[in-house]
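Before any comments, here is the structure.
A, B and C label the chains in the order they appear, each numbered from 1.
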Amino acid sequence: MGRMSRIEAKLKELGLTLPPPMQVPGGMALPFPWINVRGDRVIISGHGPQNPDGSLAGPFGKVGAEVSLEQAQEVARKVGLSILGSLQRELGDLDRIAGWARVFGMVNSAPKFDRHPAVINGFSDLILAVFGPEIGRHARSAIGVAGLPFNIAVEIEGEALLRA
Amino acid sequence: MGRMSRIEAKLKELGLTLPPPMQVPGGMALPFPWINVRGDRVIISGHGPQNPDGSLAGPFGKVGAEVSLEQAQEVARKVGLSILGSLQRELGDLDRIAGWARVFGMVNSAPKFDRHPAVINGFSDLILAVFGPEIGRHARSAIGVAGLPFNIAVEIEGEALLRA
Amino acid sequence: MGRMSRIEAKLKELGLTLPPPMQVPGGMALPFPWINVRGDRVIISGHGPQNPDGSLAGPFGKVGAEVSLEQAQEVARKVGLSILGSLQRELGDLDRIAGWARVFGMVNSAPKFDRHPAVINGFSDLILAVFGPEIGRHARSAIGVAGLPFNIAVEIEGEALLRA
């Protein structure tokens, strides 16, 4: 029986299940990997939220109009689980991550919406709960964008670093 | 007679010609380089599409309104040629690139447009055709933005890494 | 009496005062550091403009509508001072910076506004004045976004590198 990794144990303790690979709608070609490892850098493509079956999760639309702040925070959390799933598949073991570097959070925003940081907290809180304050520490930006692929409510990209 | 570099030969095989330096409209000062090399990192400023004479290429405006999806894909491809031109001038030889790291694609979007990945594929397909799947592999995000400089349809920034 | 660092002397010569830590409006939790140092990388979270007392600085709203180009340039300069303040507090001495890598400038844009580079020049000009052309050199993108936190006019993130 293999040793359970520290992060794997933490996910279990938190009752979190990572989704399977993204099912891209309509067969659109995405000619890039979800995670690009170059040396010790783990560069994370823009991810959206997933349902447990791997499909893109709603609610879809503009935050501040069709999507509420509370719903958007939950979407951001689901984006986090999607990214953790991609990292798990690419790295094999999430314990290989030495530290988070950068998180860039994009909110599909209605014209007057300006609580982007509160939305992306749904992601940051998850990363900190799973990795703790030292490894999970990340620089962050949160902005409102004019549109996102397939009208998802939140997209997040970023970068982490591998242990030597 | 010098040896032709591998990537130079590939560009020739694909019938691609790289544009000259960007002619910025209206004499606006741009106090930054198109490419910033720091150690082994090749950081790529946001580029727009160029005409063969170096000027900014149209069509201009919002994708999903004044600019069609197919036109926007061609614009994204032209942004790729613009970036390859900048890299060629800065690095001297595109064979110095060990691998692509990150691509961030910004689409000047009409309110309902949500096919940003299909647009940025015009860029990714070019990079993969020129560099191949291993060196050309890149993490990617594609989003809709509220506006771009000079009303260009697509802007792309990114990062690549140099050979040791 | 301690030696004054080179950049500290330059700030004094230019008559610049760095603001105190950001006072986030309404007690919103921001679970991330303004600067994240990982190895020799100094990753800079998205910053807004600050008043001398540390609060967020106006004018607030969309550039090209409620905020003029000239006002937005001054906002971008204030974002630069905010970032320099964060760097000073995190690094202790701004002379530790070996070089700037990347600057990403986001302008809260009215629909037709397309002079984003002119806005972000307010930031770039400050960085070049303080650090000089070699250390201050940065790759840059400037875009229009649909919204920014607390309706600030400009947000900027980026990365610099530490001396070995």
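Heads up, the rule we're going with is that a contact is a pair of C-beta atoms (placed from the backbone, for glycine too) under 8 Å apart; a residue touches a chain by one contact, two chains touch by 3 or more.
If you're wondering where the values come from, they're calculated on a predicted model, not measured in any experiment.
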Rotation angle superposing subunit A onto its copy subunit B by C-alpha atoms, nearest 5 degrees: 120
Numbering shared by both copies at the subunit C-subunit A contact, with half separating same from different: different
Centroid distance [mean C-alpha coordinates] between subunit C and subunit A, Å: 26
Junction residues of subunit C, two or more chains touched: 104, 145-146
Contact footprint of subunit C on subunit B as seen in their complex: 28-36, 38-39, 41, 43-46, 104, 106, 145-151, 155, 157, 159
Residue ranges of subunit C in contact with subunit B within the complex: 99-104, 107, 109, 111-118, 121, 124-125, 128, 137-146, 161
